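Each remark here refers to the structure printed beneath this line.
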Amino acid sequence: MDVTNYIILSAILFSIGAVGVLVRRNAIVMFMSIELMLNATNLAFVAFARANGNFDGQVVAFFVMVVAAAEVVIGLAIIMAIFRTRKTASIDEANLLRA
Amino acid sequence: MTNLPYLSMLILLPLIGSLLVFAIPAALGAVRIKSVALGFSLLTFALFVLAGLQFELGTDDQFQLTENYEWIGAFGVSWSVGVDGLGLVMLGLVSILVPVVLLAAWRDVTDEAAGKFFALVLMLQSFVTAVFVATDLFMFYVFFEVMLIPMYFLIGRYGNADRRKAAVKFLIFSLVGGLVLLAGVISVWVQSIQITGFGSFDLEYLANLDLSVESQRWLFAAFFFAFAIKAPLVPLHSWLPDAAGSSSPAVAVLLIGILDKVGTYGMLRFLLPMFPEASVELAPIALTLAVLSIFYGAVMAIGSRDMKRLMAYVSISHFGFIVLGIFAFTTQGISGAMFYMLSHGLSTAALFLAAGYLMHRTSSSKIDDHAGAFQTTPLLAGFILFGALSSVALPGLASFIAEFTVLLGTFARYPVLAAVATLGIVVAAVYALWLYQRTMTGHPSDAVTGIKDISGREVIALSPIVALTIALGFVPQPAFDILNPTSAKVMEQVNQVDPEALIEGGN
Amino acid sequence: MSLVFAISATLAVAGALGMLLSKRAVHSALFVALTMISLAVLYLQLSAPFLGMVQIIVYTGAVMMLFLFVLMIVGVDSSDSLTETLRGQRVAAIAVAVALGLLLTSSIGGAVIASGNSLDSTIAGGNVQAIANLMFGKYVLALEVTAALLVTAAVGAMVLAHRERITPKLNQREQQQARFADYALTGKHPGPLPPSGVYARHNAVDTPALLPDGSIAANSVPAPLQARGSVREVDQVDSQQIVDLSQGNVVIEGGDDGRN
Amino acid sequence: MRYSFALEAISPSLTNQVATGSFANLWLLIALPLFGALVLLLGGNRTNSFGPLLAALMPIASFGFAVYLWLELLALPEELRSQNLILFEWINIGSFQVPFGLQLDPLSMSFVLLITGVGSLIHIYSLGYMDHDPGKRRFFGYLNLFVAAMLLLVLADNYLLLYVGWEGVGLASYLLIGYYQHKPSAAAAAKKAFVVNRVGDVGLSLAIMLMFVAFHTVTFAGISDKAEQGSATVLFLIGLFLLVGAAGKSAQVPLQSWLLDAMEGPTPVSALIHAATMVTAGVYLIVRSNSIYDLSVAAQNAVIVVGVVTLLAGAFIGMAKDDIKKALAASTMSQIGYMVLAAGLGPIGYVYAIMHLLTHGFFKAGMFLGAGSVMHAMNDEVDMRKFGALRAVMLITFGTFFVGYLAILGVPPFAGFYSKDLIIEAAFDRSIIAGIATLLGAGITAFYMSRLILMTFFSNKRWEDDAHPHESPATMTIPMILLAVGSVASGYLLTFNDSLKHWLAPVTGYKTPEPPIAIPVLIAMTLTTVAIGVAIAIRMYLRQADRVAPTNVSIFTKAARKDLYGDAINEAVFMRGGQKVVNGTTTVDNSVVEGSVRFIGRITLGLSKIIRATQTGYTRNYALAMLLGASLMLLLAAIVRL
C-alpha cells in the first residue's frame, strides 16, 4: 500500500484550502476553506496510521474532528455576531487590528 | 520554634497581607484598610525578630534557616532559601523600612487609592524578601523580575505628572538588565551541565563550578550589567532620577533604599562567588565606574533644582561607594560595603521621608520654592538636617562608619583611588548643606508661610530610623559581628587576602 | 493506484476547486460536502471504517448543515463577489500555496516510513475496539479535555449568539413617535414599505412594485434579492397600464366598490 | 625665673594604664554636657524655662569633675599619668580594630580644663547675652553639644574616635554660626565653614587610613609604638595629611577663609569655639601626633611653613579690618599660626604651643566677650568706626579688655609675654627666617590690637544716633573679669617652677631651645618691636578716626581688607570651577547619557513605524504572512536536511 499518493492528495487539498482562506472574502467560505485544510491533515494522519500500522493516527484524526466541530460552532457564532453589528460577512470589513 | 520555615513565612506573610488588603472593600474605610496593612508589616517585623533570634553567630555553615523544596525538577530549580549575615541584615532593613514607610505615607495617597497602594507595598516587601533569601539562582532571577511589577505600579500610579513616563523608563531599563541576566543565568546552567553532567541553580553548586576564565568574563559582564543597572552605576543610572523624582517619597524610599540594594546584593551573593577570577581581573572596570559614580552623582546633585532628583543623585554617589568597597577585595571594604547598604537604607529613608513631609506640605518639590522653612517648621528642619548630615556621613552616624570602612578597605589596596574617592566627602558637604541652606534658611517664602510643623505620626515614623542611625554610629559592632563572616566567606571565594601592614619587619 | 482512490481523489480535488471558484456561498458549501464524502471513502480505503463513518456523520451531516443554516441567516451580500480588493493578494496567495504544496509533498511525502505491518492484522476486536482502547486508555486525558472543550464551545456559542437587550422595549406609541420624529428629521417614509407586486401582474417577492408614474419602487424588493441582482424585469405593458389607470383612462371592472 | 636650666631634654615616657577608681568614670566628663544637649534639643519647648540654666550647669559640673580628676592625676607618679578607659569594642573588622576608648593624660587634661573652664564661663556669659533671644534653648543645646564633642575630641584614645569629636565640634560650629537661620549671610557662612573644614577632614581621613595601612592600628599608643618602623615617605605623608586636617580646623592657610565669616554666629560662640577651643584642635592634633612628627623633619617643616604664613597673613588681615569681631578673628588666626609653628618645632616647641594655646584661650576669649559686651551695648553694631570713647561708659568691659590687650601684646608680666616670647625664642632656634617672621608678627599684632582698642575705647565718639551704651549685666561681666584674671596670671602660673613643662613633657617630650641670639637680647628685640607697633597705632588713631573707612588706600590695605583675596581665589577656582563642572556634567547627563537613551528610544520608534505599515488590519494579509512563515520554515527544514 503506497501512501505517497494520499500524502500528495492531502497536500493538494491543503493548498487549495489555503488559497481559499487567502482569496475569499466571505467569512463563511473562508471557514469552509479552513475545514478543508483540517480535513487534508486528517487524511494525512490516517494515511500515516495506515503506513505505520497503528491506530494512533486515527485517534488523532478523531480528536481533530472533535476540535474542528467545536471550532465551527464558535466560529460561526462569531461570524453571526459580526454580521449583526456590521451587516456584512466580509472579512475585510473587520479590520480593527490595523495599526 | 527552631524548625519553623521562617524565611518562607517571611515571604508569604506580607503577600497574604497584600492580597487581604486588596480584597477589603473600600467601603470599610481607608483607616481600617491602612491599619490592616500596617499591622501586617509590623507582624512581619515581629516574625523577622523571631527569625533573627534563631540566627547563630560563629557557626561554620554559610547559610542558616535553610529550606529546600523542589520546584521545577527537570531543570534543577528549587525553592531554596537561607540567610547569611548579609541576607539577615537586608531582611532587617526591609522589615524595618516597610512599616516606617507605610506610616510615613499614611496621608500621601487619597482614601480611595490607599488600599491598593498599601497592598502593593506589602507585595513588594514579599518579593524583595524572596530576592534576599533565595539561594537558588533561578528563584533569585524570578523574584528579581517579579518585584518590578508592584514597583512599576507604585511609581506609575502614585507619583507626580511625569510618573507614567518615569515608570516606563524604570521598567524598560530594569527589563533590559533582567534580559541580559537571564541570558547569563541560562548560560551558567548550560555550562554547569557541560562540566558536571547535571544542571542545577543551587548557589553553592554553582560557586564550586570550575568555569573557564574566558566564559567567566562573559558571564561576569552579563551579571554585572544587570546589577549595575539596578545599583545603579553611571552611565546606566539615568532611570533613577526620573523614577525617584516622579514617585512619591515613600515609594522612592522603597525604590532606592531597598530595591536598588538588590544590585549590590547580587554582586556579593552571585557575581563574586560564581566568577571569582573574572571578578578580580575585571575589578578595575568596576572600581572606575564606582569612583565615576561617586563624583558624577555628587556633582549632579549640586546641579539639581528638584529635591527628589537631588536625593536620587546623592544615592547614585552612595552606590558608587558601595561598589567601591565590594571590588576593593579587602575584609574592611566588603564588610563596610554591606554595612553601607544598611546605613544607606536608613539615611535615604530619613532624608526622603523628612523632605517628603515638607514637599507634601508645600505641594512642590522644587528647591527654590522653599526658603526659610525653618521659621515655620523648626522640628522638621531638624529632621531634614539630620537626613542631610546622615547622607554626608557625619561621624557619629552609621553612614560614617560605613563610608570610612569602605574607603579604608579600598585604601589598603588602591591608595590613590581611595584618596580620590575621599575627596567626594567635600562635594557631599556642598550638596547636603546647600540643600538645607536653600530650603530652610533665609526669609520664609510664600510656599512655606503658614504650614504646620511635623505631626506626631510623622515623628513616630521617623524616630526608629533616627535612633538606629545614631545607635549604629556609636555601636556598629553587633552589625559587623553578623556581617564579618560573610565578608570573610566572600574573600575566601574570590581567593584574596588582606594586604599586610607596611611596617618594616612585618606584622 | 487503485481505481477507488483515483475516482475519490479526483472528486475531492474537484469539490475543493469548486468551493474555491463558485461565486455563491451555498454552492461552495455543497462542493465542500462533496469533498468530505470523497474523503470518507478514502478513509474506508485506508482501513479506517470508523473514521469514515464519523466523517460522514459529523462533517457532511452536522458541520456542513450548520454552515447552510448560518448561510440562511446571514444571507448574501457583496462579500460573495470574486473580485479581489487587496492588491497582490491573489497572486501572492496562489504562489505561496503552490510553494507550500510542493514543500509539503517533498518533505512530508518523503518522510513516510512504512513499517510493513498491516493494520488489519493488528486488530484484536476490530477497528472500533482498537480505537476505543487507545482513546480510553492512552489518550483518556485528552478525551476528557476534549469533552470539556465541547461543553465550553456549546456555552460559548450560546453566549456569542445570544443578543442581550440593552434598551427597554418600545411600546407601539413610542414606536410611532420615533417613526414620525425620524420622518421630521430625515424625511424617511413613516408608513410601511410598498409590498412587492403592487400594480403588477405577479405577486412574487422578486417583482418590484410600481409607482403611479410607472417607475419602480426601489424599496419593494428585499435587500438580499437586490444584492444578488435577482430583481424581476418590469414589463413595458404593465407600466403603461398603470399610467393609464392612474390617469383614469382605463377602468378596471369589479374594482369600483365605492371608488367612483 | 623663666627657665630652669636643669631641664635640658625629656623624652616621652608615659605608658597607658587601665583606668581604675574615679578614672573609670571618665566618660562622665562627656556625658554631662551631652545629657544637657539631649534634654534641650529633644525636650522641645517644654525645656524653655529651665533649659538654659541646666545647660550652664552641665559644663560647670564637668569642670568640677575635671578638677577632681586633675588632682587625682597629680597625685599619681609621673609615668602613670596616662589613664586609658576602654568602654567597648567599637569597630572590629579583620585587622581593623578600634576600641571606643578614652584616654586621660596631662595633654588631654590640660584641654579638658580649658574647655570646661572657659566653656563654663561662656555659658554663664551667654545667660546674660542671649537673655532676650526667643530661641535660646536651641542655642544652649548646641553649646552643650559642642562642649561634649570637644571633650570627646581631646579624650579619645584613637584617631578615629578623635575624628568623631572633630566632626562633632564641626557640626556644633556649623549649627552655631548659622544660629540666626533667617540671615542668609549666616547660613552661607555656616555652610562655608563646614565645607572648608571638610577639606581638612579629607586630610585627616587619609591620615587615618594611611596609619591603618602602614601600622594596622589607629590608637595613639599603637602609633607611637610602631611609628619608628614606618618608612620616611609614609611618616611624611601621614604628617602632611594630619597637617591638612589641622589647617582646616585651625583656620590655617590655605584653609583659613571660613574663620572670618564664622563671626556671623553669636559672639559667645566666637569666643568659645572660634577663639578659645575648637580652632585650637589642630594644634592639639599635631602635638598629639608628636610620635609621627618627631620622626619626619620634612613634615615638621611643612607645619612650620604653614604656621609662619598664617601668622603673618592673619596679622596682615587684622590690620585692615573695621569689624571688631573680624579683627579679633584675624588675630586668632595669627595667634594659632604661632601655636602651629611652635608645634612644628618638635619637642622644643610642643610645650610652648600648648602654653600659648592656654593663655590665648584666656585672653582671646576675654576680648571676644568684651567685644560682645560692646556690641550688646551698641545695638549689635560691629563696625569699630562707629564706636570710640567707650571706656568711660563701660569701665569693666574696658578694663578686662585692656588686660587681654596687654596679654596678647606680650607685655610682662601678662600671660602672652611668657608664652609668645618662648615661641619666638624656639623659632629662632630652628631658623632665622621663622624667628624674624614671629618677631614681625608680634609687631603687627601690637599695631592692630592697639588700633582696635584705640578705635573702640579711646578716640572720638562716632556712635550712631540711637546708641545708648551701658555696662553689661553681672552674668556677662563676671566671666569677663575671671578671664581677665586668667590673662594676667596664667602665664606666670604655667611657667612657675616649670610646672607646665614637667606636666606635659612625659607626653610630648621636651628640649630646651638654644637660639643663636642671646635670650635677653631677644626679649628686648621683641618688646621694642611691640613698642614700635603700639606707637604707630597711637599716632594714627589716638585722637581721631574716620567714621567711614578711607577708600584711597594702598594696595596692601585693599588686599588685607579682602582677606588677602582668599575668598576671591576660592571663588574663582573652586566656586566658578565647580559651577562649570556642575553645568558641564549636567549638560553631559542631558545630552550624552539621556541623549543616548532617547536615541535608542527614537530608533525603536522609527523601526516600529516601518513595521507598523505591515499591520493592515486585513485578516487575509495576516494569514498570508502566516502561511509564508510556515512555508519558509518548511523550506528551512528541507535545506537543513539536505
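Labels A, B, C and D are assigned to the chains in the order they are written; within every chain, residues are numbered from 1.
We adopt the following convention: contacts are C-beta pairs under 8 Å (C-beta built on N, C-alpha and C of every residue); 3 or more make two chains touch, one makes a residue touch a chain.
Values in this document were obtained by computation on a predicted structure and should not be read as measured data.
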{"item": "Chain pair with the most C-beta contacts", "value": "A-C"}
{"item": "Chain closest to the middle [Cα centroid of all protein chains]", "value": "B"}
{"item": "Averaged-CA centre spacing for the pair chain C and chain B, given as whole angstrom", "value": "65"}
{"item": "Distance between the centres, which are taken as Cα means, of chain C and chain A, whole angstrom", "value": "16"}
{"item": "Separation of chain A from chain B, taking each centre as the mean of its C-alpha atoms, in whole Å", "value": "56"}
{"item": "Centre-of-Cα separation between chain D and chain B, whole angstrom", "value": "36"}
{"item": "Contacts with 2+ other chains: residues of chain A", "value": "18, 22-23, 25, 91-92"}
{"item": "Per-residue overlap in chain C, given as positions that touch at least 2 other chains", "value": "86, 89, 92-93, 96-97, 100, 104"}
{"item": "Per-residue multi-chain contacts in chain D, two or more chains", "value": "618, 620, 624, 627"}
{"item": "Chain C contact footprint on chain D (complex, rising order)", "value": "618, 620-621, 624, 627-628, 630-631, 634-635, 637-638, 641"}
{"item": "Residue numbers on chain D that touch chain B, as the complex places them", "value": "41, 44, 88-96, 100, 138, 160, 163-164, 166-168, 171, 174, 178, 181-184, 186-188, 190-191, 194-195, 198-199, 201-202, 205-206, 208-210, 212-216, 226, 229-231, 234, 578, 581-583, 585-586, 589, 592-594, 597"}
{"item": "Of chain C, residues touching chain A in the complex", "value": "1, 5, 9, 12-13, 16-17, 19-20, 25, 28-29, 32, 35-36, 39, 42-43, 46-48, 50-51, 54-55, 58-59, 62-63, 66-67, 70-71, 73-74, 77-81, 84-86, 89-90, 92-94, 96-98, 100-102, 104-105, 108-109, 112-119, 122, 127, 130-131, 134-135, 138-139, 142, 146, 149-150, 152-154, 156-157, 160-161, 163"}
{"item": "Chain C partner contacts - residues on chain A that touch it in the complex", "value": "1-20, 22-29, 31-33, 35-36, 39, 42-44, 46-56, 58-59, 61-63, 65-74, 76-81, 83-84, 87-92"}
{"item": "Residues of chain B that touch chain D when the two form their complex", "value": "169, 234-235, 237-238, 296, 299-300, 302-303, 330-332, 335-336, 372, 374-375, 378-379, 381-382, 389, 394-396, 400-401, 404-405, 407-408, 411-412, 415, 418-419, 422-423, 425-426, 428-430, 433-434, 436-437, 440-443, 474-477, 480-481, 484, 487-488, 498-499, 501-505, 507"}
